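Structure, as structure tokens:
Naming follows writing order (A, B, C and D), and every chain is counted from residue 1.
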Amino acid sequence: MSGVSLEIELSGIKLRNPFILASGFIDDDPSLLSRAWKAGFGALTTKSLTPKPREGYKPPIIAFTKAGYLNAVGLSNPGVDSLPRLLSKLPRESKVIVSIAGSTVDDFRYGAEKSNLDNVDIIELNLSCPHVKSMGMDIIHDISYSLDIIDAVVSTSDKPVYIKLGLTDTYLSLVSKALDKGVSGFTIMNTIKALAIDTASLKPILSNVYGGLSGPAIHPIAVRMVYEVYREYQVPIIGVGGVMDWEDVVEFIAAGASAVGVGSYLFLKPVESVKDLINDLMKFLEDNGYGNVVDLRGVAHKK
Amino acid sequence: MSGVSLEIELSGIKLRNPFILASGFIDDDPSLLSRAWKAGFGALTTKSLTPKPREGYKPPIIAFTKAGYLNAVGLSNPGVDSLPRLLSKLPRESKVIVSIAGSTVDDFRYGAEKSNLDNVDIIELNLSCPHVKSMGMDIIHDISYSLDIIDAVVSTSDKPVYIKLGLTDTYLSLVSKALDKGVSGFTIMNTIKALAIDTASLKPILSNVYGGLSGPAIHPIAVRMVYEVYREYQVPIIGVGGVMDWEDVVEFIAAGASAVGVGSYLFLKPVESVKDLINDLMKFLEDNGYGNVVDLRGVAHKK
Amino acid sequence: MNYVKAYVVDNIHVYRDVYHLILRTEIERLLPGHFIMIWIPEVEEVPMAPSLYRDGIMRITYKVVGETTGYMSRLDRGEKIYIRGPLGKPYKLNGYGRYLLIGGGVGVAPLIYSAHILSERGVEFTYVEGVPNSNYEMFIDEAISLGGEALLYTEDGSKGVKGYPTEYLKTNYRYYDYILACGPDEFNRAVYRLCREYGLNCQISFERIVKCGVGVCGSCVLEGTGLLVCLDGPVFNISTLYEYGYSP
Amino acid sequence: MNYVKAYVVDNIHVYRDVYHLILRTEIERLLPGHFIMIWIPEVEEVPMAPSLYRDGIMRITYKVVGETTGYMSRLDRGEKIYIRGPLGKPYKLNGYGRYLLIGGGVGVAPLIYSAHILSERGVEFTYVEGVPNSNYEMFIDEAISLGGEALLYTEDGSKGVKGYPTEYLKTNYRYYDYILACGPDEFNRAVYRLCREYGLNCQISFERIVKCGVGVCGSCVLEGTGLLVCLDGPVFNISTLYEYGYSP
């Protein structure tokens, strides 16, 4: 199609392009991950998997706001033991990031052990889910607890370990300490705790009352966090948050992201729509004389 | 016009309606505050005033994002000494909230002293500006420093003191401690630190690089904070953040806000447009059988 | 995709645990096969495919199977619930050809709505309803009043033809250009197999647990296919099902 | 309200510290009196009211007064800058009546653009430009080529009429239906006073420090009036100015 290369590397893993299915999206059945891979993603992230299966909250689990989406899925997932089954339909060359969640150090260690599979490329620790007690922001607000989890996982697994960050007062200091512990990269960012009240019923929409804000609303915050982490540490970053078109993608990469997560983009769209993002990025690179997406990385920092 | 009453009370101060001009908007000249009062606001907040006048940053000081606005005005203001002049054109019956900023306890005390004027109704402490070093989030991230400031102001002034909160890990604990110190209410919320990169130039747009995110993007986060603070403490709350239409207003009040701040709504609109918000709220109340806006307060909490 | 109010105009008991909920509401164009999410605050939100929507009046034909449908059955006139939609892909209906509408249980809801549309367009259709016994008859009269042919199949032979409606398909498929089906999973699987065998143009509506309704949570996957009932369906053409590896 | 690219086609030195920057760019309909923000990354963003915009080609007539305009003067062909707009309220131009366009300094930029529009519409206009001396003459030839009457006023009388262009207004105002003015503050004040006195229909364009350009920061207030140059202006009808208590 064109001479432009979209290939990138994340901690030694080669991806055919920088688009990564974000954690939490359509992967309850092996067939869904396989469809997403065929759709063209460079890598796929699983839902956050816990040691035991979780039902999640009852509907409504999502709400639409003017500037984004709220979700309180409640970390519904088939349990980390189901990982071999979940990945069973993926071809050899596919790239997989396993997201792990839990409420104890042992939960995460267990998840890391179970992720020690050939077709798993990266382990992502979800320390930042904003709508499940003891499984998310409660962790990342407590840096020393977070570091214990990181320690346990890094010593259990040989896979590159990424931390999924949320917006906290201290995330830059967590990044620095996590790097000392041997973390390879960061996925930035998770949703932000928020609330939507329906103006017809005057009730909170979500059954869980609070949910996580995603979509265009959080994009400028995610870009800031990517920019700050890249400025300080130049580590591999997966920028996630409000990617809705090529402009958002370009912003993330120019801010320093190596790869870009796609989540809310998929509201009401089939997973095949990722093709539009891929093509539009390609076109942007061509039009602006980039031979390689890697050359765009971090350019917003250049004087 | 109709039998519906929009009158509210904030810490004993009667407002003709719950709409408050948010801090930072068009008040560099006495004529601007007077025009805003005539436009129909229930109260007016001044820009955050510092002991000395501040120039602020050079343009670009604002950026448009898909879901909101970024600003890095840099707390430009004519200095708190100019307060009598700023307020000089307002009629007796107008209601004024003076926002104070600073980088030391003494700065805030000085601001409180200078705000001890007859036509000042409430003092708001801006502890949460996200784009000026040592004058904003640096303060509110440090609860004990924040409490020192609050102590100094509460003991200096007889006016009701409100705290302008930003999104922090610990804001609920700050609220509780601030109430113990004699704070009367809370303005929720300030902007969130964020970044926009222009995809034409691939440079950060704002001269300050980082800015504060406002508008629709932050609304669900602000609603959540209002809801949480109301649920725990039932104190007077001014809900600010992404009020763009009556739905956002209704959400804030149903979540527990006594009054509603209007800020980004004014991008590219004359201040007189607040009339639409006032009329639409009136209509909502009428259509839904509320005789009084006060009856709507906190209804989203009711079982 | 915000909620709109829906006022209960009536809540008609049909038989045993089946009701027609008649709602007054204003949502966008909702076609046969489309579904909506019905939200009852502090209870739950559930998917329903209306059996009619016209002039701001919506009919939901539902069966009480649990908490939310139980709550629905106790709704009184004038009460208010909240809906969002339309969601999903509806049946594709042409203005020509001969249609067979075949289903069972409350699954027939979107079929009878299809019958209304086909009737308006002057298209010939046969409506075949399968039920356990004569007490469960649902839309036969309505189908006839719309000018269609209508056949009832009962498992016990208490009325109409004894047996399953798939029998009708087996013997009469040559007569039809288009098949629209909707029913329990087992029924849908049988229809799929037959229509594939006979090479028919057939659309089937499926049910799965719908949580988000907008294609992001994965809850409603048609196992093994990667297809989402809420986004790619609930109505699927069998050629799509085949392409995605549906194997009943 | 995002930035669009603008490519430098030319950067023409007019005299001393005044230049025409010719840009190729695609923005929405920009009328005489509208302004844009010109952003030079890592330098600054400044407001400019183009002296012409047509077929994707924009002319900015600017005077070097500081860092950003200094930087602008060093832009070469092919270089890229960024603009957003159009912003503010433009001159209201009718297709009839007799117009007097009166200004001084680079302030005349939106006036000559107005002259282009009036000329296209076949409307009669007189263009009066006031400058310190003959070296500063700017758009007299252009105005004549547009079929208008054009008069130069110089302070030292080195060319045209000696004196200020307000003199022209004083003696000839009866002849005009509409006055468009733009110039330094002192000039604008004088025009305001005269037009109020004579009861003329007059629009004046003002300059203040524009920072946000969208009516939120308050930096560009016309002191004492509560009017914002970036949002309510930069072009004001003198009746609005009067209503808001402008008192020069």
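By our rule, a contact is a pair of C-beta atoms (placed from the backbone, for glycine too) under 8 Å apart; a residue touches a chain by one contact, two chains touch by 3 or more.
If you're wondering where the values come from, they're calculated on a predicted model, not measured in any experiment.
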For chain C and chain D, chains touching each: none
Furthest chain, CA centroid comparison against chain A: D
Averaged-CA centre spacing for the pair chain B and chain A, given as whole angstrom: 33
Rounded Å distance, chain B centre to chain D centre (Cα mean): 37
Whole-Å gap between the CA centroids of chain B and chain C: 51
Residues of chain A engaged with two or more neighbouring chains: 203
Sequence positions of chain D contacting 2 or more other chains: 42
Topology of the chain contact graph, where touching chains are joined (line, ring, star, complete, other): line
All touching chain pairs, where touch follows the definition stated at the start: A-B, A-C, B-D
In the complex, chain B residues that touch chain D: 24-32, 34-36, 47, 56, 58-62, 64, 71, 73, 76, 198, 200-201, 203, 205, 207, 263-264, 266-270
Interface residues, chain A side, partner chain B - complex: 65-68, 70, 141, 167-170, 192-197, 199, 202-204, 210, 213, 215-221, 223-224, 227, 242, 244, 247-248, 250-251, 254-255, 284, 296, 299-300
Residue ranges of chain D in contact with chain B within the complex: 1-5, 37, 39, 41-42, 44-46, 80, 82, 210-219, 221, 223-228, 231-232, 244-245
